[in-house]
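In what comes next, chain A is part of two complexes: it sits with chain B in the first one and with chain C in the second one.
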Partner chain A sequence: MSETTTERLEVPFTIDGASYTALKGETVLEAALRNGYFIPHYCWHPSLSIAGNCRMCLVHTKPGPPKPQIACNTVVSEGMEVDASSEKTLTAREGILEFLLANHPLDCPICDQAGECDLQQYSFDHGRTTSKFSEIKTQRPRHDLGPRIRFNGNRCILCTRCVRFCDEVTGTGELTVVNRSDSAWIDVFPGVPLDNPLSGCTADLCPVGALLDSDWIHTTRVWLLRGTKSVCSGCATGCNVNVEAFDDSVKRMTPRENQPVNKWWMCDEGRDSHREATTDSRLNVARLDGQPVKHQDALEAALDLFSATPAAKIAYLTTGHATCEELHLLETITDGPGGVNYRPDGGAFETLDGFKLSADKNPNRAGVVAVLGDVDAGERVRKGIESGQIELVVVCDSQPGGANWDEGLVEALKGDVKAIVISLEDTWLAQTKQVAFPGLHAIEKDGTFVNQNGRLQRVRAAVSAPGDTRGELDVLQELGRSAGHFPRVLSAGGVFRRLAAASPDAFGGLTYRGLGAVGLPLAGAADQTPADKCQTYYNAGPVSRETRAQDEQTRVAVHRESPLGYGTVRGNV
Partner chain B sequence: MAGSHDHVEEALPPGKSFADRVYLPAVMRGLKLTVQKFFGTVTDKHATVQYPEVGIYDASEAERAIGHPNPRYRGEHILVKDEQGREKCVACLLCMAACPALCIHIEPEPTPPEWGDRERRPKVFEIDMLRCIYCGYCEEACPCDAIRLTPKFYTPTTSRTERVYDKERLLENNPAAQIPQRPAK
Partner chain C sequence: MLPKGAQRDRVLKVVHDTSQEEVERVSRETGVPAADVYGAASFYTLISQPDAGARVCQGLSCRMAGSQELFADYLERGEPAIYASCIGQCDRAPAVLSPKMAVVSQRSAGAVSAANPELPMNLGGSDSLDYSALARSRELGGEGVLAALDASGLQGRGGAGFPAGRKWRAVLGETETERYVICNADEAEPGTFKDREVMLRRPHLLLEGLAICAETIGAKEVYLYIRGEFQEPIARLKAALAEVADGPLAGLNYHFVEGHGAYICGEETALLEAMEGRRGMPRIKPPYPTQEGFRGKPTVINNVETLACVPPIVLRGGEWFKGLGRTEAGTKLYCISGHVETPGVYELPLGVSLDELVAVAGGYVGEPVAFSPGGASSGFLPISERERALDFASLSEVGSMLGSAGVVVLNETFDLAEAACSQAIFFEDESCGQCAPCRIGTRLVHQALKGYLETRDPNALEHIEDLAWEMEEGSICGLGMVAALPLTSAIKHFPAAFSGGGQA
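Let's turn to the complex of A and B:
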């Protein structure tokens, strides 16, 4: 939409006497939001068709009828005078809220939407202080619409955002409105649960607490969550997410708007991807010959092993889950061949509006190509081990579930070859080889991933790692220091600077800080959208308006046992 | 106004009479009170009490039971139960949000399906009484009248961990239980 705006004619109009310019064909609501004038709305969303059924965006227009009109479906005409804040308009708005709240249970204290609820916010901004309603409120059903979504009919305001999402974005059309008037509710068709790959987005879109993510429900409150702008590590799409944590544990992941990458959406699988970091099979202690030891003891053994082996006899193995920085460190500290394991393909999905959920479940496959260039699945490492040219293998395996190496390579690794393993999972390599260090999951580390379209994006640490986990960057730099590579400890940003200097073809001109919240395209990438075109100007977040506003703020961890302490800000840009 | 309360003695400015200027009558009035209280210990009209063996005021048995005559005194919390003996708390975490001392820690969980009348309850409800400043904001924030401050103040313990009250202890935090027991001889 933004590409065509320059060609469209501009129409002058006024809101409350102030002059603005709309584009020809634009509605009052769109033009107001684009000019930074906020008109409250529920049912309108930039990705969905105009329904005009919440009536929240009522304004008076001149020329126009004497009655208020909905701003979301009124096209701006030349010289139009929009009245969005006179007493007449505010009374209309108040009346609408009164109707919306007529059958609303007002159970904010136990509603998980409270704190990011548009109904709560608009009631506070525009609503009446008291209710004139003395009748008995209607009761509508409460049930699960699908495996992920719980529906509470009493809270629903029938904006039909969820229904239109399933019709127009996923194209699956599970949801519909049943019955009429005050006994209407949202439901699925019999035998067809709401289980499309993006079903969690319906809960995000819901402006009230009618559709809630049952995965997250009843665990904490939104005002306690601290958001970290990161990237999902579930697949090569690289959806921009807000990793929301409280008490140093991730409670949920919600999408952030990034038009060329994930629009406003993210898949259900991605929402669950933070659970990979809390499995029982995780390695959370360093190991020396399979026995748990202190980090320092393991590090000393690893340094002895590393410095006793000539660099040419050291190979590395890694996965498509390693960040570009880790890949660069691996490549720098070893001179032998390298091998990469990729997670097998999973389900793909494409929405009608062009959001592509990738079948490639490796978040950094493109980064491997950009940093390491031509690298195989470990064939050359296997040959090196078998011919005795390789004496030490550095394994950097941050793939959830553990990398599934080729059979030949497994046989070779089971032999006499020594290995320093940095592993997310407690794999057989970590248990049997000389030294093993615990690795970090994507929600715990800083770095960069390159998505399927060549967009370089930052992941940010949202929570701390379990146990005495130092992470890949730390261990690899310690190893490199023994060979004179890294005179001082570098952060992910420092390693990236070296990477950009070492690979100017792909990373030239990019800075770690400059990647910002939405990332930047690599040279020659398929997606060349500049950062300022990644977000639309509608101030309509993927979750709701209020959450979008909260994304910009820093959420403060409030807990007496928080290792971060009260008021600590972490993980922001 | 102060004048409307009979029991309030107004502090008058020093007068101009001879008695006021020499201060002696006022001093004697004060000494009279001192002497009265001094001999009161002999005639069993104590100005002090043998705390904690007895309540701090010689009040009725019911008041003695809570150790303090003022029912509005803000002491330790209690989690209120409903008619069926379940906690009234729905784990909305508003007290946690209102708490200026950050001494409340709650982890919600869904209620058992047979409950029916509410969706969630606290799995963990802890108050760190050492951090608490007894301001009563939690009581004020609670939409369900599930947490209250009782006049209970007699709570010495021998360790810090005992001062972190869990849900069970808060539910049973009966102020009457603090009747000080006279040590056995």
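Let's turn to the complex of A and C:
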């Protein structure tokens, strides 16, 4: 029964004479994209209602009226013949582009969207080299819509993606189209700015340079950015992101689609999280008794300290920002108790389409439970110190702003107990204890986090750390090696393999490489979506950047044909 | 998605202007986000320009009768005035709407056909309160009414000519049982003022037609969407309803919804958007209103005249109605204005020629040169087509259309380029701005024409054909598809008027 149902759901049809299969009820645009046939479009987005206003996806269909139809609102019927590239169709499409360009300022050289602009891309693909219009362009306002989003009305093509996003996804309804005819533009109501937790997504969704993220504009041309597929460390949601950097400095973070985790979205707080790595309060040099020293000197002192102390007298303290690999190493090289500090809860938000921004601001709380099991906030470590049981504490603190240890524990740590500190921030522990090493921020390291729903995902180093920072994995393994735990220092992937072997209940059957771009569920996790179901077929790029999804197909050709050698480096893997 | 309990339907009923305080008040009162209220309110001219003063009609007929001079007079006197799109008073051109929405004109209202009981709508006759057709429809039953409608061949009188019976049947075929009937009285096509006359003279005929429709398709709620500029017809209809509400119409709920100044809301899906408190932008189809209309429920939306034809069809049979037509079924209310002796609304067999129509309207004034057979959307035809039947099929043969049958005759004194410009201004002002071909195309058409009128350089109009084709192919709704037609048809039939010389 179920087999025949599946069969019946498939509808054969053709595009430009080639045979494809659509699912029952699917539109021409969806079916085309799923089959890898790209039909240009602006206003359509898989997460939003169909607006049908950009008219870019015009195709001719048989059966169908003589006029072209919009592919985004035409349901495929059995045996339908879609004509998506005949001269007739392309001429109509060119006409649409010419209309859009009749109003659009040709300011690509100073526009931040240039390089990832759908209007630019389609003009390349479908545009005419000349325009028949010499009319004056319409002038529209240019102002801030909210604290994050800047609006350039002249560039707007009124696709209303941003308006629909605020209506249908965040449900906050800050945006609207005001006025009518060619005097219409996108605006907020005065006094109610576009200030929802996901406002940055409106800039991602904007297919042109009308809505821009004021946090990143005027910094880098997008074709110079090198993207790294990673995970945001801002909260327990674990949004999949592209960490985009130029000249070894992160310029912006944009969301990557992962349906069970973050759909196509990420929050504004997460977008700013890379700034935690560039604060003045960061520890960027090793310290010995508070004094800056070379890494090697600090390491020798640490090794002496570590090997002089029996494992049972060594405790560890860490945070919800440590990767699973770091947690595993801490647990392996010490025999004493451990304690974990978590960042206090922050703002939570849930969109109407089910994207949950977590109140838990610790990216790896679930990982702590999976790797360490039952740990407290440092109570047992405090007791150990006070009773003299514990002589050395390994502190691994990669929490931005520094961990906020319990008062009693702080008092205990201020005493004679020795400590080896690996710290993101230049905390009082780093400044006063025996040895301190600079730690890494999530944008600088490799490893894995487990999100709130039990999905194991990889963070990847996008930029180098400041100064002579070796990072947690390196230092912890050096310590462990001296005690005979490891024969040699391994990469994050190597450590993960040891972790998987040591904790088969949670991590059994998982491999580091196998996690891929969208991660995999831990055994028994709430989110059991397999990797191949995490991304819709429409495009694999972050949010609206359809242009990027086309990269593989068209940009190669563009490069080859362009005498200027377009796009020397492009990071959108 | 709106906050729970938000009443979007009420937004346009309670909002009066787009000031900060007003929008905030409406937002608080209805629970709809302020931006939504602001966006919707700013769409409609009567709300976005509430205190603009006198609204001087710049429709083609009024322009021909000197509305520009009239406007200049206002300015000279220091009285606030703005240009308005056609206010549906072409028989009284040039006409002005006072700030209180009263029609101001030197001329009295136009003529209508003399009383004749053999005419279905019989505008000259007296309105009857007996509602015998409604009683008859109950005897016939739903299927009987539909059979009569089918036999009558009644085509929608709003402009598209869609068979009324098929529309009703489509709604009957839906499984959803909550259904609506809407009377489209947003009459705003330049040159058209027939619905106004039906509402003023035969309100009971319309109310009865609505009742028959509601009972046939199983609707309890009946809506009348009437343009806000029509205060007199609204008052007349309300009074008529009060006369019979407890009698023959008991059991049906009639609701009045006033338009707020947007031609596009005559497009049925834009009308639905306006009724639901949104910006009046046409929806993409499918789904059609018969499937998902008002509040997402199956809805019949018929023009005033279409509905007014229903009672006589039910009473006297579809065959009788069909037989009244000449080339197509039934009689038709032809509006005629411009350079004729007696502008007005005349009920004539569908398919009369221009000459016959003008003969009824007292004859031509001056030497006729061109005419626009069905409102701005139908473009212009040369007077050599004076013998052509004014019906749906015959006019589409020459690239025009019957539309709402708002016929405007132009004589040799009026420049065709000026006339085309008048229509271009209309479409530019009334484009909803949703899709690029219409939003930008209408502006480009107007600019090109303006450029031509200023310089008389034919090169200004060089690319109009391509532009028109692209607008026709790409637009969402009919407005964009025909917006360039007045110009292209004028160029086609009157090349001399666009060759730089001036007059045709």
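As a working rule, the second predicted complex is superposed on the first by the 533 of 573 C-alpha atoms of A that agree within 3 Å, B and C clash if a C-alpha of one lies under 4 Å from a C-alpha of the other, contacts with A are read in each partner's own complex, and residues count from 1 in each chain.
Just so we're on the same page, a residue touches a chain if its C-beta (ideal position, glycine included) is under 8 Å from a C-beta of that chain, and two chains touch if they have at least 3 such contacts.
What you see is a predicted model, and the numbers here were worked out from it, not measured in a lab.
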Have a look at where A:Lys67 lands relative to chain B and chain C in the superposition and call it first, second, both or neither.
-> second
Touching partner for A:Ala92 - first (chain B), second (chain C), both, neither | second
Dominant contact partner of chain A by residue count, chain C or chain B = C
Regarding the shared-chain residue A:Ser491, is it in contact with chain B (first), chain C (second), both, or neither?
-> neither
Please work out whether A:Gln296 is in contact with chain B alone, chain C alone, both, or neither, and reply first, second, both or neither.
-> neither
In the superposed arrangement, which partner chain does A:Arg221 touch: chain B (first), chain C (second), both, or neither?
-> first
First (chain B), second (chain C), both or neither touched by A:Ser181 = second
Within their complex, chain C touches chain A through residues 1-3, 20, 23, 27, 32-40, 42-43, 48, 262, 279, 284, 286, 428-437, 439-444, 447-448, 462-463, 466-467, 469-470, 472-476
Given the complex with chain A, which residues does chain B contribute to the contact?
-> 90-94, 96-97, 102-103, 105, 107-110, 118-120, 128, 131, 143-144
Report the residues of chain A in contact with chain B in the complex, numbered from low to high.
-> 109-110, 114, 217-221, 223-224, 558-561, 566
Contacting residues of chain A [partner chain C, same complex] | 50-55, 58, 67-68, 70, 73, 92, 95-96, 98-100, 102-103, 132-133, 135-136, 138, 157-158, 167-168, 171-184, 187-192, 352
